[in-house]
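Per-chain residue numbering starts at 1, and chain names A, B, C, D, E, F and G are given in the order in which the chains are listed.
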Amino acid sequence: MEYVYAALLLHAAGKEITEENLKAILEAAGVSPDEARIKALVAALEGVNIDEVIEKAAMPVAAPVAVAA
Amino acid sequence: MAHVAEWKKKEVEELANIIKSYPVIALVDVANVPAYPLSKMREKLRGKALLRVSRNTLIELAIKRAAQELNNPDLEKLIDHIQGGAGILATEMNPFKLYKLLEESKTPAPAKPGAVVPRDVVIPAGPTSISPGPLVGEMQTLGIPARIEKGKVSIQKDYTVLKAGEVITDQLARILNALGIEPLEVGLNLLAAYEDGIVYTPEVLAIDESEYINLLQQAYMHAFNLSVNTAYPTGQTIEAIIQKAFLGAKNVAVEAGYVTPETVEDIFGRALRAVLLIAQELPEELLD
Amino acid sequence: MEYVYAALLLHAAGKEITEENLKAILEAAGVSPDEARIKALVAALEGVNIDEVIEKAAMPVAAPVAVAA
Amino acid sequence: MEYVYAALLLHAAGKEITEENLKAILEAAGVSPDEARIKALVAALEGVNIDEVIEKAAMPVAAPVAVAA
Amino acid sequence: MEYVYAALLLHAAGKEITEENLKAILEAAGVSPDEARIKALVAALEGVNIDEVIEKAAMPVAAPVAVAA
Amino acid sequence: MEYVYAALLLHAAGKEITEENLKAILEAAGVSPDEARIKALVAALEGVNIDEVIEKAAMPVAAPVAVAA
Amino acid sequence: MEYVYAALLLHAAGKEITEENLKAILEAAGVSPDEARIKALVAALEGVNIDEVIEKAAMPVAAPVAVAA
């Protein structure tokens, strides 16, 4: 999760989530960053509306899932 | 006061002295309180408030005198609230607490014809110990859903026979007494209370505790939300703050399909659920 | 809400919720306290277990979700 | 939580949430205020729309399950 | 369930769910595809709103799905 | 999610989740695979017992659900 | 939330959550850290078992979910 926390830290700080920025943070945290994971994270987050997704986490989701019993 | 009897003069002086020496003076109506409950009431008030029952005219004189001697015209406003068989309660208790204490000290009392009920009177559903007899017919004419079951009168469902403020009739008094329902209450009715220049009436003093509990909960939620949403940690909120950060991070990772030990289950779960939900839509022969 | 916040502040600080204490806090906040409201609040909170009340508030809506069949 | 209540009290009273104001309230409540916590609170609340934030459900309610069977 | 995974993969990749596409994926996964099942799957999925299903699947806590796997 | 579906497809087909296998499937699906994401996924799945995860994921209401029948 | 993400990053990386460590990460993220907030966070985290707290969050509501069947 280190990589994700680093990304959210950047997001919360209003900075862009780039490979360099992630790397800098991870190094400051004493983690030797794995290029592939960094790249993968940046790629995966493309198109994700982080604010919205975080908000969802804070909201009780109660929509009924229709299930065959 | 030349024409007034000596004992009255003394009584007024005594009452005035009491009024002068307590910060809170309340008027109560003791007219309908029988001797026994009244003495119980005095016991309950002991150490908290001094109860003096007197004639309304003497109380009025005493209040006037105390107001004059204290040079406090506001106190005289209490006089407007004297009614029934008045008594004075002198106390150091805050008037709201005093009111609460008096209300809590009231005891239920059996129905009396002609009396006004303080709140709705409900005959509860269920069996009673009443044997079949003319009372059943009377109940039915009043609309009370009474029936005979297993040799006893049974009430089919909750039925409100009186609304607050309505008068008990002869017939209803008999029915309520037979059912053992005590719709009246006995106790000191507070008429008004004076403290610090303000006369408080019962309408003001009757506070809704549940309303305050709601406010407390609201205020707490405000503090909780403020602390968590701004990530200002306190002993009570640090856990929630961590959880919020974690869940936020996890949700983002799951949404992004970024697999980590913490997210693998959720991500696979989503994929799997999608597959299973789709499988439900498919004809059986497609499933193995 | 000032009065309620003041009461909870006293509670959190481990102080008794009395008229004087509420008054002192409200005055420090620049509010000229209304005697009647203070008195009413103190009376209303008498005998109330604030910790319990708060605990109930802290339970999110998550509690028993009854589900229709 | 004392500090948060003090801030909410100031807000409800229409006063600014400053270090001095917080300090005055806490002292009136008999709490000897911790400078760092006061400073941190003021910093945390900077630019925050308090009315909005206090109404926004904070707790990530971990998913009440609504199951239609 | 391979067939459904393959279909969802196509959907996630923004490709059409066609017989050829499914076949290609399954073969790449080392599965020798059953023509009839592929045909049936494509036909059956025609009336299914996959986005909706995925949304439902995203509900944090899923329900006891009838597992006919 | 393409990568995840691809991994699960491999698993369902009884194949190993390797970089090459993932790549092959994604290419068959018409996706030009991102090396970093593939590497990251394979790395993340190392040591993960997928069968177990799937089992858990498939019956998510495993939590203490009091069922009033 | 920056400060909290920084703390969780340190935790996930197996590092101690100290004022210096937090500062280093925040600076790497381009945030000029507020000393008071850092101090307040470190103080608040003292004695908190982060793993346990996270575990609690990760569990679907412990509260009894009444499911009428």
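Criterion: a residue touches a chain if its C-beta (ideal position, glycine included) is under 8 Å from a C-beta of that chain, and two chains touch if they have at least 3 such contacts.
Bear in mind the structure is a predicted one, so any value in this text is a computation, not a measurement.
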Required steps from chain B to chain E (each step between touching chains, minimum): 1
So which chain is the furthest away from chain D, centre to centre on CA atoms? E
Looking at B-G and A-G, which one has the bigger number of contacting C-beta pairs? A-G
Between chain C and chain F, what distance separates the C-alpha centroids? Give it in angstrom. 51
Computed distance of Cα centres, chain C from chain B, in Å: 18
Whole-Å separation of chain centres (CA-atom averages), chain D against chain G: 19
Quick check: what residues of chain A touch more than one other chain, meaning two or more? 1, 5, 8, 40-41, 44, 57-58, 60-69
The positions of chain B in contact with two or more other chains are 219, 221-224, 231-232, 234-235, 243-250, 257-258, 260-262, 266, 269-273, 275-276, 280
The answer for chain G against chain D in the complex is residues 34-37, 39-41, 43, 57-61, 65, 67-69
Note: in the complex, chain G contacts chain A through residues 1-2, 5-6, 8-10, 12-13, 15, 21, 24-31, 69
Footprint of chain B on chain G - complex, ascending: 1-5, 7-8, 37, 40-41, 44-45, 48, 50, 53-54, 56-58
Looking at the complex, which residues from chain B come into contact with chain F? 257-261, 264-273, 275-276
Quick check: in the complex, which residue numbers of chain B touch chain G? 231-235, 238-239, 241-250, 262
